[in-house]
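Two complexes are shown next, each including chain A; its partner changes from chain B in the first to chain C in the second.
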Partner chain A sequence: MSAKTSAGKGVRVAFGSRWSHVGTALCAVSLIALAAAPFWGGRDDLQLLSEIYAYVALASLWNLLAGYAGLVSVGQQAYVGLGAYILFALAILGGVSPLWAIPLSGVISAAIAIPVAALVFRLRGHYFAIGTWIVAEVFRLLASQVSLLGGGSGTSLLAAVVIGMAPTRQLRDFLLYWIALALVVVVLATIVLLLRSRYGLALKAIRDSELAATCNGIDVRRTKVLVYIVTAFGTAMVGALIFLQKLRVSPDAAFSVNDWTAFVIFITVIGGIGRIEGPIIGTIVFFVLRQTLADLGTIYLMMLGLVAILVMLTTPKGLWGLLVERFGWQVFPLERKVVFEERSAARE
Partner chain B sequence: MGGQNSVANAVPILALDKISKRFGAIVIAEAIDLELGEGEALGIIGPNGAGKTTLFGIISGTLSPDSGRVLYAGADITAMPPARRCAMGIGRSFQIPLPFGGMSVFENLVVASAFGGGRHERDAYQSCMDILERCALADKANRQASSLTLLDRKRLELARALATDPAVLLLDEVAGGLTERECQALIELIRDVRKSGVSIIWIEHVVHALIASIDRLVVLHNGGFIAEGDPATVLRSPQVAEIYLGIEADA
Partner chain C sequence: MDWVNVILQGVLVGGLYAMFAAGLSLIFGVMRLVNIAHGDLIVMAAYVALVVTQTLGIGPLTSLILVVPIMAVIGYALQWFVLNRTLGDDLLPPLLVTFGLSVIIQNGLLTLFTADSLKLQSGDIEVATIRLVEGVYVGVLPLLQFVVAVAVIAGLQFVFYRTALGRAFRATADDPAVAQLMGLDNRHVFALAMALSLAVVAITGVFLAVRANFDPSQGPARLIYGFEAVIIGGLGSLWGTLAGGLILGVAQAIGAHINPGWQILAGHIAFLFVLAVRPQGLFPKVRT
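Up next, the complex of A and B:
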C-alpha cells in the first residue's frame, strides 16, 4: 500500500449530479415564468406569490440556522419585526425611500444581532431556543413603547411615502412583486453559494457532528455566530418587505411567533430540515393546505398539526429527504464529486 | 515560541504535566506525566474504562483537566480550544467513528484538510485523494459517509485525521475488526505516516498490531501509568499480567 504512483494526475472535482442539471434548468424556466407573473396574473396572484416567496425565504434562512448550524431558534420573529420597524422608522421619521430602507434594515438588524448573539450564545440547546423567544418578546415590548411609531397599536406608511415609490397602484404592485421575487432569489442564491464554499462544508460538518467538527479544525462557535448574524440580516430584509407590502405595522403582527416562527418551522420540518430544497417543498405544501383548508378555521390548524406529526413520525427527514433517498434527486448542485479517470475503477 | 528549532530535539512535541481528571468519584488520571518525543510512536493500553480515551480528550481539547498542563512543542495549550489545537497539528481519530454522515467520503477529508490543515480547498483535493487511496477508500470517495460499513467508518476516521496534516496523530482503536491482511496494510500505512515525520499516540487492544508499530508502550490503570518502556518488556511485566489478564494469552 506504500508509494502508489497515482499522485501524478490532478484530481478533477465537479459539483452536482445529473439531477442537478435538470434542477437548474427547471429553476431557470420557472424563474422566467414567475418574473412574468404581472403579465399573466391578477393582483391576488401577485400577493399570494409574494407571500410564498417571503415564506420560502424565511424558511430557508431558518433552515440555515437550525438545519445546518444546529441553532434551533424560536425567536426569528425578532428580526422580522425589527426589519419591519426599522423600515417604517427610516421611511416615516428619516424620510428614506422605503426601497432603500429594505437593505438598510438588514444591515442595521445584523448590527443589532451582534450583541444579541453575545447574549443568547451563552445558552445551549433548549435554553437557547427559549432565550431567542424571550429576546423577540423584549423587542416586541420595546416596539410598543415607541410612541412615534404608534406604540402598541402600530402605524401606517404615509400616502406620500407610498406614492413616492411608484405613481400608480398597479406599478407599485409590480414593483413590490419583483422585489419580493428578487429577494427570495438572492436569499436562495446566497445560501447555495455559502453551502458550496468551504464554509458550507464546515456548516454541514457541524450539522453532522459538532465534536468531530471541532476536532478537525472548525471553529464551531465562530461559525455559528456568523450564521446567526447572516440569518438576522436576511430575515430582517424579508420582514421589512412583508410589512412594506402591508403598508402597516404593529408590534403584535410584526413580532408574531405564530406567523414568523411556528409556520416557518412547520414548513422546514415537513419539507426536510438540513436540505436546501426542503423549505421550498414545505412552503408549497403549506400554501396548498392553507388555500384549501383555511376556511375551516380551527380545524385547519389541527390539520397542520396532524400533518406535522405524521411527517415527523413517518419521514423524519421530511418530504424532500424521502425523495432524495428514493430517487437521489438534487435540485441545487452542492456536492463535490470526484471525477474518476479510467484508472482506480479497475483496481481491486 | 521563538527558538523552537534550536531545541527541537530536547523539547517533546507533546507533554502532559501532572494532569488530573476525575468524573465524580471515578479517578481517571492522578497527576499523570507523559512525554512524546518528536517522531516517536507511543502505544497506550489498559483495561476498559481506564480512561485512555479521556486522555485523548484532554490532549485534543474536548475535555479540560481538573489540574495540570498540556504542552505542545513546549507551549502551554491547556486553555486552547480544540479547533486551534487541530490547526496547530494535533489530529485525532475517534474510537466510535463520528463521520460527517451527510457528506461524501471525499468531502469529509476536504473539510478536515481545509480547516484543520489550513489549505485552500482546491489545493486540498490531490492530497485528500492520495490519503483515500492509502486508506483503501478511494473507490468510495463519492459515497455518503453515512452509508459506510463500520470498518470503512474506522478507515475514514484515520483518513480524516491524516487530512488535517497532523504533527501529532492520536489513534483510538483503529485496528479492531480488521482481517489479518487489512491489519498488515494498516501497520504499513502507519509506518508510512511515521516516515513522514508524524509523532503518534495509539490506543489499541489489538496488541500485535500495536507492538509492530510503536517505540514505547505505557499501561494506564487506576489513574496512573503502572508500566512504561520497551513494548515487549512491558507486556511481559508482572504488573501488566496481573491487571490486564488475557493479553498474554492473545499475544
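Up next, the complex of A and C:
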C-alpha cells in the first residue's frame, strides 16, 4: 500500500487512531474474560451470553447488508431458519455430527442464496425489503411441508446425537458456549477484514453514492450480490447454532420475522447503523431492556418498538453515532488515513 | 363444475386482496413509502369495527359509517405527526418506523383483546347464496365484497384522475418541490393520502372480519398478500392491482384445492413466477 511520489516521500494508508488502539486492547481483555466464562459463570450466565453473541452476530451481519451495502432486507430470518433446518436435516437424516453440520449449513445456505439473489435483486429499495420477506415465508411454508422433520410442529434432536457431541451435559454447555463465542468473533473479524479490503472501500463508496461508485469502476451489482451471499453464509451458521442450543426446531420459531429480523433491525438502529460498534451497543441496550422489563410481556415489545422509532427520528446515527461525534471514539481500526512519510536514509 | 367453483371463489377472494393492495399502492404512488404496518392497520380496523358494533349494537356493514372516518383521522394524524418526519432519500427511516408501528399495533391489540380469534357476525347475509347455473353457487357476502372492491378501485381511480385532490396527489408524486412552489403543502397532501389509504383499510378490515376469523397476529400476512398483488399487477396501476389481487386469489384457490397445505404457498409461487419472468408486473405504469 505504498507509493513513491516525486518529492521522494512515501505515501501509505494507515488504519485506526489512538482510540482504536485503546479499543483493540479493551476487546482483547474482554475476549479473554469471556472465553473464561465457563470458569466464573453458571449455566444461566452461559446461556444468556450465548444468546447475546447470537444477536451481536445477526445484527452485525444485517448491518453489513443494510448499513454498508444498502440492502435493507426484512427477510434474514430465511437464512436463520434455513441454517437451523439444514443442521437438523444433516444431523437427524444424514447422521452428520452437529458440530460439522454448522459450517456445512452455512455453505449450503450460501449456495441457496445465489438463485434467491437472482430473484430478489430484481426488486429495488422497499420492494427488495418485502420481497426478501416473502422468500422467508416460502421457506417457512416449505419447511412445514417436510414431514421427515416433523412438518408444521417441528422436531427435536435425538438424544444419541446430543450425547455424541460431548459425553456430559456440562461439557456440552461449555462446548456450545465456546462455539458461540468463536462464531461471533469470526463474524466480527471477517467483517472488519472485509471492510479493510478493497471490497470494503467499494462498499463504502456504494453506500455514499452508487453513481459515483459506478463511475469509479466498481461493479455495484456484483459487490452487492457478494455481500448478500456472505451474509447468508454467516446468518445461516448463527441460525444453526441457535437451534442446536435449543435442541428443537419448528417452522414458526426458526423463520420468525419478529425474533430474527424486527429485533435485529431495532438493535442495529438503536446502536448505530453503518458502524461496526453499533450492533454491539444495540445488543447491550436490547438485553438490558429485556432483563429489566421482560415481565411486562407485550408492553416490553411495544416499548422496544417505541424506542427504535424515537431513536430513528431523533438520532438516526444511533447511540454509537452520538458518541463518535462527541468524543471521536473508535473501537475497531477501520478509518483510513493517508500518511506521508519522509524516505530518509536512516532506514537503510 | 368443481374447477369453475374453485376459480370463482379465488376471484372473489382476490377482490379482498386487491383492497389490501389498493391502500398500499396509493401510499407508494404518492410518497414512495412502503407501509409495513399496513396489514396490522387492517387488523386494527377490524377491532375498531368490533368495538363499534358491540357498543352501539349495529351491524358490521353499518359500522363502516363510523369506522371509515375513525381510521381516516388516525391516518391523517399518523402521517402528520410521525411519518412525514421519515420521508427523504434514505429508505431506512420509513421502513424502520412502520416496522416499529407494526410491532406496537400487534402487541397493543394483544394486550387489549388477547390472542383469541374473533369474527364479526353479520346475520342472514352470511349464509345467503345465489345459484348461477346448476352446481355453481356464489355467496352473497363474497359477491358483495367483490363488488365493493371493484367500486373502491374505481373510486380511487376517479379521485386520482378526475379531482383536484387527485391532481395534488399526482403533482406531489411527480415533483414535491415544484408542487410546493405551486402552493401545495406537501405535508398536508401526504396526510390526506394516508387518510384516504386508511379509509380503504377500514373497508378492507370490516370485510375481512365479516368473512373470516381474525386475531392480532394476522397483519403481516395481509401486508404480504397486498404487496404481492401490487407487484403482480404492476406498480402504479390501480386496475393492474385489481388484476394482481385476482391472480393471487385464483392461485391460492387452485393450490388449496390440490392440497390444503399449499394454499398460501401457491400464491407466493405465483408471485415469484411473475417476478422471474416479468419483474415489471403485468400492467406496469410507473418505472422505479
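Everything below uses one rule, namely that the second predicted complex is superposed on the first by the 331 of 348 C-alpha atoms of A that agree within 3 Å, B and C clash if a C-alpha of one lies under 4 Å from a C-alpha of the other, contacts with A are read in each partner's own complex, and residues count from 1 in each chain.
Please note the rule applied: contacts are C-beta pairs under 8 Å (C-beta built on N, C-alpha and C of every residue); 3 or more make two chains touch, one makes a residue touch a chain.
Source: prediction; values computed, not measured.
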| item | value |
| --- | --- |
| First, second, both or neither for A:N258, with chain B first and chain C second | second |
| Touched partner set for A:L293, first chain B, second chain C, both or neither | neither |
| Touching partner for A:V72 - first (chain B), second (chain C), both, neither | second |
| First, second, both or neither for A:G131, with chain B first and chain C second | second |
| Touching partner for A:L141 - first (chain B), second (chain C), both, neither | second |
| First (chain B), second (chain C), both or neither touched by A:K204 | first |
| Contacts on chain A seen with chain B and repeated with chain C across the two complexes | none |
| Footprint of chain A on chain B - complex, ascending | 60-62, 81-84, 86-87, 92, 94, 98-104, 106-108, 110-112, 114-118, 121, 125-126, 128-130, 133-134, 136, 138-139, 141-142, 145, 160-161, 164, 185, 188-189, 192 |
| Chain A contact footprint on chain C (complex, rising order) | 28, 32-34, 36, 82, 85-86, 90-97, 99-104, 107-108, 110-111, 220, 223-224, 227-228, 231, 261, 264-265, 268-269, 271-272, 275-276, 279, 288 |
| Footprint of chain B on chain A - complex, ascending | 1-2, 4, 6-7, 10-11, 13, 197-198, 201-202, 204-205, 207-209, 211-220, 274, 335-338, 340, 344-345, 347-348 |
| Residues of chain A defined as touching chain C within the complex | 66, 72, 74, 119, 122-127, 129-131, 133-135, 137-138, 141-142, 144-145, 257-258, 262, 265-266, 269, 273, 298-299, 301-302, 304-306, 308-309, 312-313, 316 |
